[in-house]
Structure formats: structure tokens, C-alpha cells
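Heads up, the thing below is written out as C-alpha cells.
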Amino acid sequence: MNSKLIAPSVLAADFANLQRDIEMVNESDADWFHIDIMDGVFVPNISFGMPVLEAISKHAKKTIDVHLMIVDPDRYIKTFANLGSNILTVHYEACTHLHRTLQAIKAEGMKAGVALNPHTNINVLEDTINDIDLVCIMSVNPGFGGQSFIENTYSKVKQLKELITRKNASTRIEIDGGVTNKNAKALVDAGADVLVAGSYVFKSTNQLETIKDLKLIANS
Amino acid sequence: MNSKLIAPSVLAADFANLQRDIEMVNESDADWFHIDIMDGVFVPNISFGMPVLEAISKHAKKTIDVHLMIVDPDRYIKTFANLGSNILTVHYEACTHLHRTLQAIKAEGMKAGVALNPHTNINVLEDTINDIDLVCIMSVNPGFGGQSFIENTYSKVKQLKELITRKNASTRIEIDGGVTNKNAKALVDAGADVLVAGSYVFKSTNQLETIKDLKLIANS
Amino acid sequence: MNSKLIAPSVLAADFANLQRDIEMVNESDADWFHIDIMDGVFVPNISFGMPVLEAISKHAKKTIDVHLMIVDPDRYIKTFANLGSNILTVHYEACTHLHRTLQAIKAEGMKAGVALNPHTNINVLEDTINDIDLVCIMSVNPGFGGQSFIENTYSKVKQLKELITRKNASTRIEIDGGVTNKNAKALVDAGADVLVAGSYVFKSTNQLETIKDLKLIANS
Amino acid sequence: MNSKLIAPSVLAADFANLQRDIEMVNESDADWFHIDIMDGVFVPNISFGMPVLEAISKHAKKTIDVHLMIVDPDRYIKTFANLGSNILTVHYEACTHLHRTLQAIKAEGMKAGVALNPHTNINVLEDTINDIDLVCIMSVNPGFGGQSFIENTYSKVKQLKELITRKNASTRIEIDGGVTNKNAKALVDAGADVLVAGSYVFKSTNQLETIKDLKLIANS
Amino acid sequence: MNSKLIAPSVLAADFANLQRDIEMVNESDADWFHIDIMDGVFVPNISFGMPVLEAISKHAKKTIDVHLMIVDPDRYIKTFANLGSNILTVHYEACTHLHRTLQAIKAEGMKAGVALNPHTNINVLEDTINDIDLVCIMSVNPGFGGQSFIENTYSKVKQLKELITRKNASTRIEIDGGVTNKNAKALVDAGADVLVAGSYVFKSTNQLETIKDLKLIANS
Amino acid sequence: MNSKLIAPSVLAADFANLQRDIEMVNESDADWFHIDIMDGVFVPNISFGMPVLEAISKHAKKTIDVHLMIVDPDRYIKTFANLGSNILTVHYEACTHLHRTLQAIKAEGMKAGVALNPHTNINVLEDTINDIDLVCIMSVNPGFGGQSFIENTYSKVKQLKELITRKNASTRIEIDGGVTNKNAKALVDAGADVLVAGSYVFKSTNQLETIKDLKLIANS
């Protein structure tokens, strides 16, 4: 059974031909579209936002997993729901009222996620883990594609898995950054449920095969 | 002689197929690509940023006219130069040190523009007009495509033209928002040099004809 | 005919017995309730906000004229409409997109006002005066009641009146701060339409007489 | 012996008749006045501030327990001391220099409190618990009255009690949000010392009885 | 009569030996010490602050003219008064409540100044010129010493002089940035009263002679 | 062997004669220069910045240990590297992307430090300790010299030592604030490696002896 999921990150796709790349993902063994929204204030890069997501939604036939790397995400929760987001993930470091933000996301009918920067410890989720559908562990610093995987990630995944088990939560663990066929198995073994892959997929010569391979490894 | 320029705004293009739409503009009578970068903080919308511009630059064969609707634009001047911007326009309302910002843009080899929100009076440019290559008069509120043209724009264009003439400056006047074949002639008559057109071009049934027509009207 | 209006400022009322003071205003010759909302960020004082306005609205039988001394007022336009505001005034110094803010206020069915700090020149309204129902000229620095009237106000009122006339606008001029029976006539003569009075009314021994007197002077 | 305290929240009182409601509390079995100051920036609501607190202080005959839901509270510590606050509570999430803020509150002769948002873990107080007179555990998200109690609160109270005991601190535990006769006993059993009650008290038909009842339950 | 003043800017002095450089100024024909306080937020440089000014004040025997290039200067008005500032100049671009700030500076017994960035037009001072003791026209962008003089400065000095005359104000005009013996006469002829000189004085081989010479030129 | 280091803080030196005080440190038994950069925004004081550090670097012959008490330190990492900093320490409370900031400091060839405010718990470094060369534990609140030592510091040093040992990291522990010959031994015994001393050294009658004595105690 293939319970481990693959989420290609559109950040690494060809922005001149998104329809083509989205249709490739539609036809692939991938499970989700991972969508990185960056505002140039929370992170030092502006990726893309609402009009691009609208174009993606029109063609995408799989779960749309939106990762907001923006300040004060509460302002745009309704907007992202209207644009077709199925999962909306906010950064712990950007939320003064995280519990309220999570409830607001769910009230719009989306799954609620929390992303943690590489330096942020799992223990900050102690009081909200039962309200979180997805924790996105950043395994590189958010802002750019193509960075190297941070090894400390394994330890974070294990701690998070332990927290989820201890609290009897049903939260999924997503890994974002530097995922390849080299570390996919170890990440899954540590507890990961969803693997985001950007450059590794879109810069490969055979994208469908790369996804298929990653999916097999993750579920082996 | 066609001295009045048309700058289709990519914000209204099909983000699922940008290469196609860019090539249409390449082949059209249009002069510039108008690129609206929005960060969701200066304006209540996130449009697109660096990776999308990079994809556009790869295919665009005309002047790239980048309009930054972002806070603290000084942070990204070098980045936008590296991405192929030929003109970089910042908002008056976002610049505490406008004179420095203009010099920094020129130091990177780009033309320097200043955009004014609908409520901002022309007289704020009294001391910098000789340092400005392009003034972008917002004829709608920045943030979204498809809004209605603000009639007060004509009066602003005339005031700006008067300032440019009085100061013996060589600044170009660009109009951004709600431009159509209905107001193009009047805008040019008032003093406009560059007309940005978004939805009017990209939502039309024959985009090449719409551009051609607009160009003819502007230069009639 | 009494075309000049008196707007007692609730900021100077007895907050322990607002119903009593509101009913006094209901029965008086006053025309509007002036409501000063301060957030402690735009101005160095927190006055009161939504729940207090809700209580006021329940008893007030005259026009509710809300003056927002808060940062980023766009966040709360709908909220203040729902609380019964008839006029919503924002500060020029707090609005990056003033034209949009004015349209948003009107879209909620309220009259739209703009307040100017003592140092802000009238000429900043050159491009929006036809969109403004009310200009509130601060004749003291916003933040506290009981301050002395700034004499430069007369000159600002005259400039504003000239602008309104020149642009053929139907904007009303409101004066806020240090208004008494000593300067009311001169303010009206300079062009003022609405006089806000706080301490002068509520700290007087006969509030109804004070209001009646001020109204008579303003309309003499 | 009645060691457990009841603190009615004035946020739920009738702002048109505060003197009446304050006198009710004076005559009741309640122990403290809980005063919620919100600035519309730290929380998405503006409640009331200095002039309203001044009016409350004039009539209140019990401990005034001020809860600041504002950004950068250091700016107003002296002001709140001058207005008669006996306890001044700041939010952990609003204080970059929490240790300094606590000392500054005490230097003005007030008790120093720290409030924690629902998602904030108790362990952030590990290094300051001995400097804190009161911890206010938010059992709803701060900003509005009348919300439902968050069940995770019990676990936070227990952890906090354990921390206080382990560090031999004399800190009191206050619960703010959704407290009723249904959960009061369980909260006290978990370790709570002070129960804030807003709507539950002020929207009840017999306020004095409701307070008396809550006090009895808390001390049973 | 030497009515035109010279104010050497300590920013260009040798920070390893300030006492020596201050004593040089004490003995020179210079009139004021110009002190540039930069916070790295309003301008992209941190120069020096309170402890360095305290050391300067101990040795300086002439007027201390402090130029704050910092955000929200109201926070530190009392502090700078206590450190011996005789004149305190704030930036127009940093003051939301400029009128209040000017009154607060005077209330501490200091002269009140306003600095204008190169792009800021003189007309923003229309309503406050009678409250201002000193206008500092930035003739380079604030933040660094050693920049080239902006030629548009002459036109700003003339406009400011005209405003001062028209309003019958007694404001002094100070020029800050790129002043040398080449432009001193022309600046004074345009209306300048005080010339700030940094690198030009401190990087010269004979500092006393350079100051003497500049003073003579300014008063010729 | 003298493995414990002494770092006199230049903040307490005589800013009128820094060369003299720096040369004293050069000749003393001290090991590092501790340089406190404060911006008046992160902390309520502006100390000094780039031009003063440049003057210090010219004379200093020992390790330059720069402690940034500023917001958003990423903006100035390159600048401080160019000014001769050997160690660059940022505040945990000022870094949204701490992991990235540490890598950026190292990429410029400097050692990377993290400072913790008195209220910030050691456990926030759980995921970055192996990337940190120096942890600076604030034993007073940052912003001013001459404050009293906070006793809770010993407990933090022990926790940090335990974390370093458990993670097999090679991080040094620095103590900043209120260090004297009275607490030096106890701090070292708890695990401290570097003792910052400001007023205690520079306000002493024999600075060289005070440093020598402190060094001996620390290494006894």
C-alpha cells in the first residue's frame, strides 16, 4: 500500500509552461501539488501568488498543498480557500496567534498545516499538535529551491513522530527541501509521510520516472 | 512615426502558458513587457516575483519594464537587474530615500521609474524629476487587474507634462490601469508616452489586433 | 437656517455613564456624535474601540461620525460599518492607498472622511478632494483631549475652502481640537462646516446650554 | 477559606453604564476587576484604553488586574501605573525583553503578570517564573469575549503548576476565557488560582448570584 | 560680522581620538558641533549614539547640533536633552506627528530642527515653518560621509528662503552634505545660514585652516 | 593553562579616547575585544556602529567579538565582516531564519554566535547548537552597561553546558553583564568559557590589574 506521498514543488517547474508541467504531475505517480508562496518579506524571495495559483488550480487534478512563506497569513486565508487550496500551511514563526489561525483555516474547509524553520524546535507544537493536520519540517532554509538538505532534519522528524504518538494526534509529517532518492527512505523510516521534491523532479531528464522512483522508495 | 509605446501587462496573461503569451507579444506591435511585481504587503495581492520573471526573460525579446509594488524595494534592485529588467519602477509611497533608490537603480544599468498612487500629487516629484526616466501614473489602485480607469488621471498627466517641460526633463509618462481604445487617444493628447494594457489586451479575442489597434490610436 | 453643525466628542464624556451623556447629546442642539478611536500605535493613546462604540450606537439617535486614529484602517472598515458608523474618517498619514480606502468606505454605505495632522498641508488632497465627503482638520495633535487650539488652523481652513471651491467639490470641513465659543465664529467664517467640541462641552457646568450657545455662534 | 479568586472581566459589562456594573462587582463576592486592553494590532480588536480605565478606577473598590493585549507594552507601563492598575499583565508574544518588562512593572509598584496565547508552551517561562506574580493562561484566543473554552488548558495549568512548584515560585495561575460553573472546579483542581469570567457573569440574569456561585464552586 | 555658521560633522572625525578632534573644533573658528546619529533602520548605517555623544559633550565647548537619522525620534527626545543637545533635528520622513515632535523638543529646552531628504519638497513645511528653528537640507542622501553634493540643493535653498520670508519666520537654513570651499559661497548666497562640513574638514591636512577658510568664504 | 577568556566591553571605555583604551587592552591579559552594537530599535539605546568599529579595528590587536543588538542583522553581515569582525553574534530574538543567518556569517569567514536575552530558554538552541561557535548568555538585559547580574544565569549556563555536551558540540559559552571578580569563578565552574567585563574593567582604578586578576580567577 502506498501510504507515503510525493508532492512535487511547482517552484521548480518551468513558469513559462506551467500547464505542461502540471499535466505531467497529473499523469504521474505524485500525490499532491506543493505550492510555495513567498512574499519577499518573511523570506528573501518573492515566488508567486494568487493569479499564478489560480492558473495552476485550473489544470491541477490532485490535492493542492499551499505553503505560505508570508508575514501575517491571516489576511489571506479566505483568498487561498477561494483559489482552490486543499491544505494551507502557515509558518510558526509568522503567527502570533497560531491557534486562531489554525481554526480559521479549518473554518474555510481546508486542512491546516504548520511549517517550522530549520532552527525551530518541535516542542513549540506541544499545545497545538492535536489541531494540526500537517507539519512541514523545513529541511533547507525557506526562500529558494535547490539547496542542500540539513542533516539535523532526521532528529526533528523523530521528535515530531514521538510527539504525535504521545499526543495521539493524526498529524502528517511533510519534509520540504533537498529531498532525493538518497534520503527519501531514511526520512520515511524516521516518520515522514509526505516528501516534497522540487528541483530533483523538475530538473531531472525523466520527470515521470523520477517521481515514480521516489514514490517506490518512499513506500518500500 | 510611432513614438507612443504600448506595454502589455503580463499580469493579465495566462500564467499556465506564459511562453505562448510572451511570444505573442514578441510578434506584436507592442513595445515593452510590463511586469507587475506585488508582495502582498505594499499592495493587498501577491502577483509573482523572481522565478516567474526569470522564465519571462528567457523568452521576451522586447524591453522589460518592471513595476515593483513592494515595500522597501532597495533590497532587490540588484536582483531585478540580474533578472534582465531594463526599467525598474518603484513606488513613491514605498521609498523613504527616493533619490538614493533612483541612483542605485541607474548604477545597475537600468532606467529608473517612479510610480504614483492615484491619491499622490505630482508635486512630490518636483525635486527628483530630472533624475527620473519614467513616471508611472496609476490610473487604478495598484493590486489587481481589470479595474475601472480613474478620470482624474488626465489632470495628473497634464500637471506632470507641465513639470517635465518646466524642468527641461526627459522623463517619459506611463499610464497603468484601465487603458483601452476608448481613452488611449485622450491620454496621449494629455501627454502620455507609454500605455500599459492588461486585461484589455489579454482578454480580447484577437490580441495581436487589439495591440495593433491601440498602437495606431496612440500614435494617430 | 442652521447649516453649521456641532459634534460633541465622546472622548470627553464620562465613560462610567455613557448612556446618560449620550442621551444629553440626543436631547441637545448638537448634530453629530464625534467618536475618537485611538489604537496607541498611530497616536500615543488608546481611547476605546468596537465594544464601546457598540454601546454608544445602541443609545445614539444622531449621526455617528467615527474618527479613526489607527494604523492601517482598511482592516476595520466593514467592522465600523456594522457598528453603525455613518461617517468614517481615516488619517491621511495612515493610508498608503488613500483612494482605495475612500472607495472601500463608500462601498459600505458610509460617508468617507480624511483627517489631516497639524503639520500636513492641504495640497496633499489635490487629487482626491472630489472623492471626500468630509475633511477633518486637526487643530491640536491627535491623541488627547483638552489641548490648546493651533492658530495656523485658520489658514488651513481657508486653503481647504479654496481647494473645494476650485474643484467644485461638495466636501464638508470639520475642525477637531480646542474649539470653544471664542474661536467658533472665526472658524466658521474661514469656511468650517462642523465643529467638534469635547472638554469644552462635557466639562462645562451646563452641557445643553454650552452646546446651544456654540450652535448659535456657529450659525450667527 | 476562600483562597481562589474570581475576576469579572469588564469587557463583557455594559459600556453605556459602567458605574452601575462596577458597583455591582464592588458589592459582589468577586475579588478583582479584570481589564482587557486591546489595541487592534496585537489582537484583531480594539477594546478600550486609558480614559475608560480612568473612569473605572474612580469607582472600583477592588484590585484592578489589567491585561494588556497590545504590542510593545513597555511604552505604557508608567501610564497604567498612574491609572490605578494593581496588576499589569503583558503577553509573552509581545515582549522581546520580557525580563526587563517585568522589572519595569514592579519598579512602578505593580504586580507583574505574563499572559500566554493558547499555542504558547509553558516552558517559555522556565527562566522567569520566579520573577512573575501572575501567569494568565489564555483559554480562548485573545481578542473577543464569548468564545468557547479550549480543552488543552487543563494540561497547561498542570504543567505550569509543576513548574511553579519545582522552582519554588509564588506565582498565581489565572484562567482567561470561557470560564463557567461547568469548568471552574476542574480548573481549580488542576491548579488555577484566579478565574476570569466575562459574558458568563455579565450576560447572566442574576450577576451577583452568578459570581457568588462561581466563587463557591472555585473554593469547594 | 560673521553671521554665517560652520558646523564640523563629528561623523568624519577620528573615533579613536575624539577628545583631540573636539578640542581642535573648540579652538577653531567653527560655531557648532554637528552630530549625526544613525540607527541603521531609518538610514542604512549605524553611526553612533548616546554613550559617544556623552563623551563628546564632556569636551565640547560650542553649540551641540544633533541630527537624528532614526525612526520614531519621539522615544529619545528627553534622552538627547539630558546628553547636552542644544539643537535637536528630526527627519520629516520619520515623523507622523511632526508638530507634536517639534513642541516636545522645545519643551525640553532645545531648539527644534527638521531635516529633509534630497527628494522631499520644501512645501511640506508650509504649515510648520513658524515652529521650526532650523531646517537641515540634505544635499547628499543621509547615511554616509564623503558623498557628492546634489546640485538641486540650490533650488531648494531658494524655495525655503522664500517660504521663510513669506511666513515671516526666523528659521535658519542648514546645508548637510558635500559642502566645500567650492560651493560654500553659492549656498550662502542662495540663503544658507549654517554649513555642515565633515570629510572636507577632518580629512584636510590643516583642519583649523580649512575651517577658517570656509568661515571666511561663507561670510564674504 | 589559561583556557578561560576575558573580553573587555568597549561600551564602558572612554569614547573620547578609544585609541588609548584599546591599546591598554592590547597590552593587557585580556583575550578579546567585546563590541556592543545597539540600534535603538532592538534595544532601547543606540551605542555605536560601523565608523566607530572601523576606528577600533585600526588599533585592536586581538580578536574582535561583535555583539549585534539590532533588528534584522542579516542586512549587515557583510559590512561587519569587512570591518574586521572575527566573531559575529546575533540575537535569537531578532532572527526569523536563525539557521540561515548562522550560515551567512560563516560564509563570510567569521565565527557565528547567538545571544539569548535573560528570559529566553536554552532549549531554543536544541536544533542549531552544532552550528553555533559561541552562545552569549545575557546576564543583564541588553541595552546598557553597569547593571546588576541576574542570578538565574548560573542555571542557564549549566543547561547550556549540558546541551553542548549531549550534542557533542564545540560551542563556547560567553557571559555578558555584571561580571566581576565576585562571580567569575562560579560562572567558569558552571561552564562559562568567555567572560565579558565592561564597567568593572574600565571604571576600575587599575585596568590592567583588574583584567589580570579576572583572568587569574577565571583560570584558577
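In this document, chain identifiers A, B, C, D, E and F correspond to the written order of the chains, with residue numbering beginning at 1 in each.
FYI, a residue touches a chain if its C-beta (ideal position, glycine included) is under 8 Å from a C-beta of that chain, and two chains touch if they have at least 3 such contacts.
Keep in mind that this is a model prediction, so the values were computed, not measured.
Put simply, chain A has to spin 120° for its C-alpha atoms to lie on chain D, with the angle rounded to a multiple of 5. In this assembly, the C-alpha centroid of chain A lies 49 Å from the C-alpha centroid of chain C. Averaged C-alpha coordinates put the centre of chain D at 38 Å from the centre of chain F.
Multi-chain contact residues of chain F (touching two or more other chains): 44, 123.
Interface note: chains touch in the pairs A-B, A-D, A-F, B-C, B-E, C-D, C-E, D-F, E-F. Contact residues on chain A toward chain F in their complex (touch as defined above): 42-44, 93, 117-121, 123, 141-143, 150, 152, 155-156. Chain F contributes residues 11, 14-19, 22, 37-41, 44-52, 54-56, 58-59, 70-71, 75-76, 145 to its touches with chain E in the complex. By the touch criterion given at the top, residues 74, 95-100, 103, 123-124, 126-128, 130 of chain E touch chain C in their complex.
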